[in-house]
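Chains: A, B, C, D and E, in written order; residue numbering restarts at 1 for each.
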Amino acid sequence: MESSSAPASVPGIPPALRGVLPALVAIPILVLLEWGLAGAPFATYLLSIMGVNVILAVSLNIVNGMTGQFSIGHAGFMAVGAYIAGVVSLSLKEIAISGLPVVVSDQVFLLLCLLVGGLAAAVCGFLVGLPSLRLRGDYLAIVTLGFGEIIRVVVQNTDAFGRALGLSGIPQTAGLGMVGFWVFVVVLVARRLAGSSHGRSLWAIREDEVAAEAMGVDTTGYKVRAFVISSFFAGVAGGLFAHFVPIINPGSFTFVKSMEVVVMVVMGGLGSTTGAIVAAMFLTLLPEALRSGFTAMGAEGSLAQKVDQIRMPVYGLMLVALMLLRPQGLFGTKELWEVLPRWLPRRRKGLA
Amino acid sequence: MSQLLQHLINGLASGTIYALVALGYTMVYGVLKLINFAHGDVMMVGVYMGYATAFALGKQAQKSLLGVVLIFLVAMGGCALLGFLIERFAYRPLREKPRLTALITAIGISFALSYGFQLDIGFLPGAAPRAFPEIIVPTEWLIIGDRDVVVWNWQVMSLLIAVGLMVGLQYLVFKTRFGRAMRAVSYDHRVAALMGIPTDRVIAVTFMIGSALAAGAGLLYAIKDTSVSPLMGLYVGLKAFVAAVIGGIGHVPGAVVGALLLGLVEEFVVGYAASTWRDAVAFGILIIVLLAKPGGLFGRVAAEKV
Amino acid sequence: EKKTQQPASPETTDSSKQTAQGGSTAPATPPAKPAASDTLLLGVATSLTGGQATFGVSTRNGIQLAIKEANEAGGVKGKKLEARVYDDQGRPEEAAQAVTRLIDQDKVVLILGDVASSNSLAMAQKAQPAGVPMITPSSTNPAVTEIGDYIFRVCFIDPFQGFVMAKFARENLKFSKVAVLQDNKSAYSIGLTDVFTRKFTEMGGKITGVESYSQGDTDYRAQLTAIKKTQPEAIYVPGYYSEVGVIARQARELGLKVPMLGGDGWDSEKLYELGGTAIQGSYFSNHYSPDNPDPRIQKFVADYKAAYGSVPDALAALAYDAANVAIDALKKAPDTSGKSIRDVIAQTKNFPGIAGAITLDEKRNAVKPAVVLKVGDGKAEYVTTVSP
Amino acid sequence: MSSPELTPEQRADAPLLKADAVSIQFGGLKALTDFNLSIHKGDLQGLIGPNGAGKTTAFNVLTGVYTPTSGNVFVCGERVNKRKPHQINRLGLARTFQNIRLFRALTALDNVKVACRAEAFGDAEAHGVAGALTNGTPLPVFVSNLGALVLAGWWKSLFLTPRFMAEERRITERAEHLLEVMGLSHRRDEEARNLPYGEQRRLEIARALGTQPKVLLLDEPAAGMNTREKADLMVLIRKLRDDFSLGILVIEHDMKLVMGICEKITVLDHGETIARGAPEQVRSDRKVIEAYLGDNYLETHGGAA
Amino acid sequence: MSAQVKTLGERDPRPPLLTVEDVKVHYGAIQALKGVSLSVGKGEVVALIGANGAGKTSTLRAVSGMLKPSGGKITLAGQNITGMKAHQLVPKGMAHAPEGRGIFPNLTVQENLDLGAYLRRDTEAIAADQEKSFGLFPVLKERRKQMAGTLSGGEQQMLAIARALLSRPQLLLLDEPSLGLAPQVTETIFRTLRDVNATGMSILLVEQNAHLALSMAHYGYVLETGEVVMAGKGKALLESPEVRKAYLGE
């Protein structure tokens, strides 16, 4: 089973179409989503959170999965994006572009803020990527973690960022369409990357840095680039987050959040974009599903009164159980369509 | 001047606790190459075990020497068992799998413990912090001036224990057969098995020692800061991990030096600069140390011959 | 081009825009109907896990006690009341998610919670546009009720509380030099620090220094050593009891014997356990005193103790009050639509709460006196009442 | 018998690879002392010596893994002492590793494709981030490089431009061709780590060829092969030299192979060059026999010359 | 369904030490051994030759407990050891110098050697044995304090062999001991192997250098794609035209 080349692995599509095909498919879906769920705030909210988590997981997967660098500070980049985009957005709040309907003008501003937030995060990603020239494995991990914590402290001490109370009043302009658009972009980038020479170079670094370097791969450059791209999207995710969550505060971007994203990446299978997507969706839904499950058990009685706290320890145990069941992650390093045929039609013997 | 001295003592005292926790971290990392994110939470569980024991002993008995020893024994023994179970069921099945896999189960265990202990069902303690009983009655060991500088008996005790443990562990790792086995397992457990080393047992025992250490450290920590809470492990665990990395993770004296350094730096940042920036400085130091010495102060970056 | 300069065009009444800007505009969507016809569902979102879990637990207990009593008294409009309690883990985005679920899925008629102001802020911004009234029992940050006309609180606000302690310290205790030790992770603590520092200085006092810690810390010796150097007459510690008790012990350990001053975050049975003798002789401002001989209060204390085994802290009392205000409104309202309930709540006057009589002002904040308590052996003694 | 400095054929004046008095030390250990070497197009040279003589170290210095303590290395006339391995590789120097270092979880084809990628990039890449950092490039240039880097190549892959697709196709074709040359076509889609040892060795060569080198350095290519496979390999190496017009330098302990294919052999011992010359010459060199071949060798293989 | 095994020459009768019966090995879905049977007698040197990927390494791994066979039976000195873990087999007298050498790169040479004698407690005898291996490979003595990972390839190979010998095994499994060694050193090693064999140690030897291996082995097996296809006395195999053609390139 080969683990590469997305473009080549989808047969039967005229080459001229392949470049734009995903966009052609995605746009109507996004439009449908935005309209279809207009009256369902909870579904919208959950899907938005899910979208943000997908962006985070897919982007982290570029560094952790594809490049094999071990970053556990993704929440830090997310925070940079969230706060920068939030502050910019707050300052633009009173303005609209004349001649455009307000809704459109809002989306234009939102896009602008997201880009600014993303770029700010990308710059941070560059700064954090630099140490990766010298550090490996767990040492790199702890540096990224430390970086995330430093960002948290900075935010906590900056009045412009609302300190511990956080920023509120950011225009809530990020709808499912915008979230979906960025999910689409990040997935497209990740997949197309994986199918290109660049992606192969990243894998080569993951497998053996010395050999990759000897085969002409600018390993340091690639590592830094992977960091930059990954943190750009984390920043965008943060920016989106800030535009549909009524208030952002430092407590939302602690290393626990980073860990959640790492869990998504590993659970999806290191290097597998679809895996990261599925895991992110699953892990976002899990707590809510547990909530539904426990609520269904009845609201009376002493145990049921405590139901909602039970979610978290159960969530922890489920992580353990899932990893034990599928240690290689959902799809291993493969993608959904490479694995699915094996699961679906018939169970091959020899595969216990 | 007296203030400086007091800060020095405070810094050493908190560094000592970091050191004790960091020792366990470093040991487990040493053999498993696993960042055991649940380590802090194991420590927390240990403290609660000690707390329960003290409670069961009652106000008088818990202060007697025997009582104290019993409390430590129960907590450390209990945690050794807990560590064994965690290793056996959450880490061992993943031994041959990518390292990150075990990291996730570690995170899972950490969530389960820290959130689980916030429940108040049955014997579980609930989220509120509790006062840890004064099992060691604090007495001044040294007083300078008009209580300008005070050194307490438990501060001296913790420091001695930390240094003693460090020496002991260093001896264990470098001078004993078991230590040699540990190191062999840490580099390559498959080959270690070819040398006749029972790798599973070595790892399990290391884990148990590490967890027992965590419990001991946790008790000293609770004695020092007089409280226990389900979330206490998260924070101390993180700081201890940072300390271990500063010293060079896997390196026993390094963990202690890194921890004392971290304790002192934090103390002085708070004492003489802005207390709000303490954590930023702590992590800043970490990053600077790693940039200057990518393997930590004492660690070696694994020699790789091409 | 300034949006505000445009006349309110149809576009600008886009609901999401208003959420952000706050203000008292009518909700966009009609209020939801309760799920089952024989029960009225109240939504509660609060922190049952995480650093502030104990506050959430007290809050939940207080609410459930009120509901139990209401049900025993025959319910409301012939229906039983039920609370659906969701944990927000102390994170605003989780709080927003929980509230959205309560409104959209569970169709609750009203929302109670949270304690921490940042979470309440997030919740309010979901409740307001949905047109579901929300009462926060104990979020004291002024910004919370400014979100919109559906958001109420049954407690006083921080500017008042900070003023109370500044006044008490300056006028009753006659202190002129006070140091501050704040919790840098808590908006509540920072807010109180601001007010206290300003008021205390205005009254001619001097702040000798401001130090910070982070919630979850357990070692405050560095800060205390630094404070000791400034030789204050008291330390204002507007934090949570979980830290304050330990701070007191460590202050004594370092030879810092001056009393400590604080706010409602101190109020918990655990304070006396955690602080031991070290905390005795300190003062804090609070919403109520469980010592109050008023039989109504004593009954509440006794009932609560019977149900949960501990003395109700202010958070439990306020939650109980909030729930009762809500239940009262449900009874009085002509129907259970959000708008009717809101209108009734807004009329609340002299409602006999455990933590003082509740009168809601036009900003939907409770105007009520604060009490100052002195920490004694295992409980706090009433010292004085300060009215706004 | 030709003297080592002279070569009979007409060759380009600058050697493709030249080591000039290169030395390197590890702590107190002199792993390589005053090492000289030059390789021209079409050369097939050998590097032999006892274990630990410094052969692999020489490779490491030449390819930029280690920086020489003194002396200079030139690739195609350019001094590369402080260059990064990937930059040196792009100048036309490729190698295999003694301890096989394949991209273990990638398929055989992808292993080669990684190497083939280099041609797909413009100049911006050559100066990459590392280049900009290490060579003290002024900030603006560095930034524009960075921009170019991020945008130029990755852009194309995003939109699957026809040029990009064509490039990818070319890469795949070339990689497949190289697998075929090395007799590995049947392993195309198998993960490298699952190949048997000997095939891994050949895959390493295929991968090295992917970078389109002018000079190929092979570190014990025949290790782990049986006599028959070694014989095939000898033919293959010669063929590679001819078909790809390479200069080749081989480290090998199998004398039959070395003596059989190399035109010139350098012998190292304790980091020092103790002999150099044609196979016959080296084989009968007293010092070489003492240090490396052993008396036995002369007895058993003496007559073969 | 084992293939026809062509047997050449009569095997010298010896009490059996190791018997491998119909052992199968799978790596995931790939079957590497399809049922290999062989035996090693007490004091015997047995060579296992075969092309790349034939399954030689897999056979040794199955024997030494590095991997669990998916079928078949292995006995050592009459005891069924199928499925036992590697560390349980070392005390029973098994030593395995694995493919890829398996030294501990971040331990010093000395520490690596010490680990070879991990289970032994006869300190003096260990010291003596160690001196012997230093005699064999003088360079190891020079480099006692060096990190094993920085040794040259050949030096690492020497270390791996020396370490395996230090456990004083009854049965020594060697996977391509001559890999990467200078001709002279290869000779030294094979001479040593002869010597230790003379003291009664049995050896199961996997070697690409079929000539060298078969000329020293008492008995040999030829493995092809996971099956034994030929067996016989070392000399006899060496002379058989099939072997000469397939493995000696003649």
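General remarks:
Throughout what follows, a contact is a pair of C-beta atoms (placed from the backbone, for glycine too) under 8 Å apart; a residue touches a chain by one contact, two chains touch by 3 or more.
Here the structure is a predicted model, which is why all the values come from computation and not from measurement.
Common partners of chain B and chain C, by the touch rule above, are A. Two chain pairs, B-D and A-D, are compared here, and A-D has more C-beta pairs in contact (counted per touch definition above).
With centres taken as mean C-alpha coordinates, the chain found closest to the middle of all protein C-alpha atoms is A. Note on chain placement: the centre of chain C and the centre of chain D lie 72 Å apart, centres being C-alpha means. Taking each chain's centre as the average of its CA atoms, chain B and chain E sit 44 Å apart. Chain A and chain C have CA centres that are 35 Å apart. Between chain C and chain E, the centres computed from C-alpha atoms are 75 Å apart. Contact of a single residue of chain B with at least two other chains is seen at positions 115, 118, 120, 276, 279, 304, 306.
The set of chain C residues that touch two or more partner chains comprises 48-49, 53, 184.
Residue positions 56, 65, 97, 99, 101 of chain D are each in touch with at least two other chains. Contacts from chain A toward chain D in the complex involve residues 1-5, 7-8, 15-16, 18-20, 133, 188-189, 192-193, 195-201, 203-204, 207-208, 210-221, 224-225, 228-229, 333. Residues of chain E that touch chain B in their complex: 64-66, 85-88, 90-91, 95-96, 98, 102-107, 111, 114-116, 118-119, 147, 149-151, 163, 167. Of all residues in chain C, only 48-51, 53-54, 57, 184, 211-214, 216-219, 221-223, 225-226, 228-229, 242, 245-246, 249-250, 253-255, 268, 270, 273-274, 276 touch chain B in the complex they form. On the side of chain B, the complex with chain A involves touching residues 29, 33, 35, 37, 90, 93-94, 97-98, 100-105, 107-113, 115-116, 118-121, 238, 241-242, 245, 249, 276-277, 279-280, 283-284, 286-287, 290-291, 294-296, 301, 304, 306.
Residues of chain B touching chain D in their complex: 306.
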